[in-house]
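What follows is a group of structures, each given as structure tokens.
One chain, chain A, links the two complexes that follow: it is found with chain B in the first and with chain C in the second.
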Partner chain A sequence: MSDNMRNNVRDNMGHMNNQLTQEMRDLARELLASGEVKGLFGWTKGSRWYLTPPVFITKPEEADRLCYDEFAVNNLTGLLLDFRDSQDKIAVFVKGCDSRGIVRLVQDNQLKRENIVVIGVPCPGMGDKGAVTDHRQAQELPLLAKCLECRYPNPVLADRTIGAVTVTTEPSAAPSGATAEAAKGRGVGSKEADRFAQVEAIEKMSPDERYAFWQAQNKKCIRCYACRNICPACNCRECIFDSDKKNWVNKAATPTDNAFFGITRAMHVAGRCVECGECERVCPMDIPIMAMNRKLIGDLNELFGPYDAGVKADEKPPLGAFKLDDPEEFM
Partner chain B sequence: MSAVDEKKVNAAGQPDPNWEPNIVGFACNWCTYAGADLAGLSRMQYPPNVKLIRVPCSGRANPQFVLRAFQKGADGVLVAGCHPGDCHYATGNYFTRRRFLLFQRLLEFSGIDPRRFQARWISGAEAPKFRDVVTQMAEEVKALGPNRKLREEL
Partner chain C sequence: MKAFPKDKLTAVLDTLAKQATLWVPAIVAGVSRFAPYGPGREVQLGANTVMSPKEALFPATEKIYEYSAYGIDGEFTPVDPSVGPQILFGLRSCDMQGILCLDDVFLTRGYVDDYYAKKREEATLVTLGCVTPGPDCFCYAMGVNPAEHAASDAQLFDLGDAYGIVARTAKGEALVSALETAGLLSESDKAPLPTGDFVLKVDAEGITEKLQHMFDHPLWDAFSRKCLNCGACAYICPTCHCFDISDKKRNAHCGIKIKCWDTCMYSEYALMAGGHNPRPSKKERVRQRFMHKLRYFPERYGKLQCTGCGRCIAKCPVNLEITDVIQQVREAKIDG
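Right, the complex of A and B next:
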């Protein structure tokens, strides 16, 4: 791509983001003013050009705080858990990947579908702030790996949409809506085939190398539980790692106990992980958490048939179901 | 983990010919535990390496139990329950089958030899099968040597 073209894409995207932000604010104002919803989760511009963190607003006049651009990477659906005991209606903005989190929470009986107003937004692909070289000067950033590997660029469900985005449960559909061109130009979904590349690389190692690899990761873990707290699939009311009654579950951040935590966390979301990649994004120690999740997704697809979690609400997750003729290779 | 740790060594760092594996078995109350009982009543000889823990159903055996056993010094873990279709709770073992098939692969991905974790169907009448499974597993794990992976360091 020439510099000129890149600038064009960027200018177009800036323009579209302004438009989307405007649509977002108008819709939020309408929903809050009419009293249809009590509150709304969206994104707002943060303290730096590459930060667009979540915001929760309850008044129509706060709608102008909303903002949408290629740094609105946070999946807001996990935040809805704050309202699982509430009868209030809450609105939330979702990108394609985020929308699967709604299905997850509804399927797990954590939320009532009728209490959530899901607003689908088109996604231009999210920039990787890890590539920021100058904190003062805005620049074009490469896409996050998860966006290059994206399979659901469009929301799988929505009550309202902005930016003319299409709602579809079709995997690998082309990006749609106002940012479709930008998403295609930036390569959203272009490396879909690489989804399991890291898993395959780890599988090629010898058992001792694999153990050493994970041991090195487990040494880094500080047990901040950020991966658990952000995850729409980790929605237990009381997590086993918070319980003070199970004294066979250690909370110490030693490599073996961290391995226990890591493997347990992966097993607990097995068949339910919606691949939003939030666990890995929020990890302050850069542990490749998604490699573990992807390993399980790949194996589940292979053993019990292809399944994408959080796409169809009436399909049971593979570990919550069985077939009489399931494979029995090691029994 | 160095290669030496994976071999059978005694306190002096020498290969220990008398080393015996420590195997933890989670046995379902209705089938495998009864099968093990029958093996005992029938005076069948099998290696004493396996320590059975009775669980209401093989579906009660949580993957975390397996991890905890490895942490606490198990060299191998066995989960055993009723044959598919024979579950006392009708469907428990079908869930066990899916869960542990997946879990064994995850253990392998984490660097643990999949032979150290086994699951078997053993009915209340299958005392010979219980004896054979335990004998075979004890031999296999003995050949693999002590497990140091995931072991708690005190």
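Right, the complex of A and C next:
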């Protein structure tokens, strides 16, 4: 791409982001002023150009803090768990991947659907801040891997939408709404076929190599639980890893105990992982957590037929329901 | 100033590694951290590490003693806290300052933690002056001089094509003379490269005094709304020092007592026997984290417990920046 074209793309994206941000603020103001919701989770501009972190607002005049651009990467749905015992109605902005988190939380009986106002936003694909080379200047960043592999660029459910995005549960639907052209131009979803590439590469390793690979990863884990705490599927009220009283696990951050944590978590979200990729994004130690989740997704697809978690609210997760024709290879 | 050319770095490290366990900033399985130097180690002196060097003196998991207990027959075998001589090479000023904070906690006020004390006593600390502050760095605002740290045993300076080295203590002199004996040092009249501009600006002046009036301020509600209560910030922090003592049981009768990192971010951290939790929600836990760093620690030890290393800012999943907390606390109105 020439410099001119790149500048044009940036200008167009900037213009679009401004429009979306305006729509966001207007809708938030309306929802808060009318009393329809008590609070709202959105994104705001952070201290540098490549940061657009979460924000929670409760007053109409705070709506002007909202902002949307290609750095609004956080899936906000896990933050709703703080309201699971509340009767307050809360609004939340969701991109396509995030919207599956809402389905997850409702299916897991963590949230009452009627207590959440879901606002779908079109997604331009999120920039990888890890690729920032000059933190002083705006620059076009490559997309996050999870956006290149995206299969649900549009919200799978929404009560309201902005930016003319359409709601669809169709996998691999083209990005819709105001950012559609930008998303397509940037390659959102272009590598969806490569979703299992890392799993395949790991499976090709010899057992010893694979063991060494995961041991190196498990050795790195510091048990900070960022992966668990940001995950909309990891929503147990009491997690066994919060207490060593059960004697199944202890606090020692050894490769064995860390592996026990990682594998337990992966198995626990098996069939329920919504592939938002947040666990891997937030891991301070760069552990390829999604490789493990994807391995299980692949296995489930093979055993129970194609299934995408958190897409259809009325569809039971394969491991959360029993069918007479379920495979019983272990019997 | 005595100096060695940058292309002699490997020879310098090889020499030092013969004398002690040499910890260097390196890339280990894709993550930058301090790790023992050895063959194939990918040394990285150009940027601050993701993990702070505290793990060399205060490991994430540490054995305290082994025990066995059969009926009334109980016995325990203490684990020797010594790990032998260690050199921590290439610490930044922020990390050196972090070690001073750990010293305060583990070595002063009437109780000495033997496990920390022994490692600290055996360690030689070699700091490296910063030339290019990272995007999340703000040590200047925490009263730390990025160019050099007076408390280090030996100070390295970036002279462009060489590293200057100045000993500050007897341990540092022993280290410098070892390099001299190995014929690695020569005199240089070059001046250290100056420290570049900081991107992240904040003014922490008076923050402790302001926070003394803000225990019940609504700001804590706002901060906690986006916090995940994960422990990423605490575990990569050079000054966070909380730990929990628990068991690694072999069976019902014997096992190992271990000391593991813990953090006030976790819901179980303040949970008491009987089930009461004085920090029941995210609000109290977030408040504790920032109050401890910016108010309680300065009140107790006379220095801030944040050294401006910026690690928590870089890795916080929700970008809850301590600099932003400081700024908002400064701007906050206090009723009454």
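Quick note on the criterion: the second predicted complex is superposed on the first by the 326 of 331 C-alpha atoms of A that agree within 3 Å, B and C clash if a C-alpha of one lies under 4 Å from a C-alpha of the other, contacts with A are read in each partner's own complex, and residues count from 1 in each chain.
The criterion applied here is as follows: a residue touches a chain if its C-beta (ideal position, glycine included) is under 8 Å from a C-beta of that chain, and two chains touch if they have at least 3 such contacts.
Small disclaimer: the values here were computed from a predicted structure and weren't measured.
Contact with chain C, but none with chain B, is seen for A:224 once the two complexes are overlaid on the shared chain.
Legend: residue contacts after superposition of the two complexes on their common chain; A:322 is shown touching chain B, with no touch to chain C. Residue contacts after overlaying the shared chain place A:208 against chain B, while chain C stays out of touching range. By the touch criterion defined above, A:243 lies against chain C but remains apart from chain B after alignment on the C-alpha atoms of chain A. Once chain A of one complex is fitted onto chain A of the other, the partner contacts of A:254 extend to both chain B and chain C. Once the two complexes are overlaid on the shared chain, A:51 sits against chain C while remaining clear of chain B.
Common to the chain B and chain C contact sets on chain A are residues 254. By the touch criterion stated above, chain A contacts chain C in their complex at residues 41, 46-48, 51, 53-56, 74, 78-79, 82, 132, 135-136, 216-217, 219-220, 222-226, 228-230, 242-244, 247, 250-254, 278, 281-282, 284-286.
For chain B in complex with chain A, the residues that touch the partner chain are 1, 3, 6, 63-64, 67-68, 71, 84-85, 91, 94-95, 97-99, 101-114, 118-121, 149-153.
By the touch rule above, chain C contacts chain A in their complex via residues 28-31, 50-51, 60-61, 135, 199-200, 222, 225-226, 228-232, 234-236, 244, 246-249, 258, 260-262, 266-268, 282, 315, 317-321, 323-324. Considering their complex, residues 199, 202-203, 207-215, 240, 248-249, 254, 256-257, 259-260, 263-264, 266-267, 270, 292, 295-296, 299-300, 303-304, 318-319, 322-324, 326-331 of chain A touch chain B.
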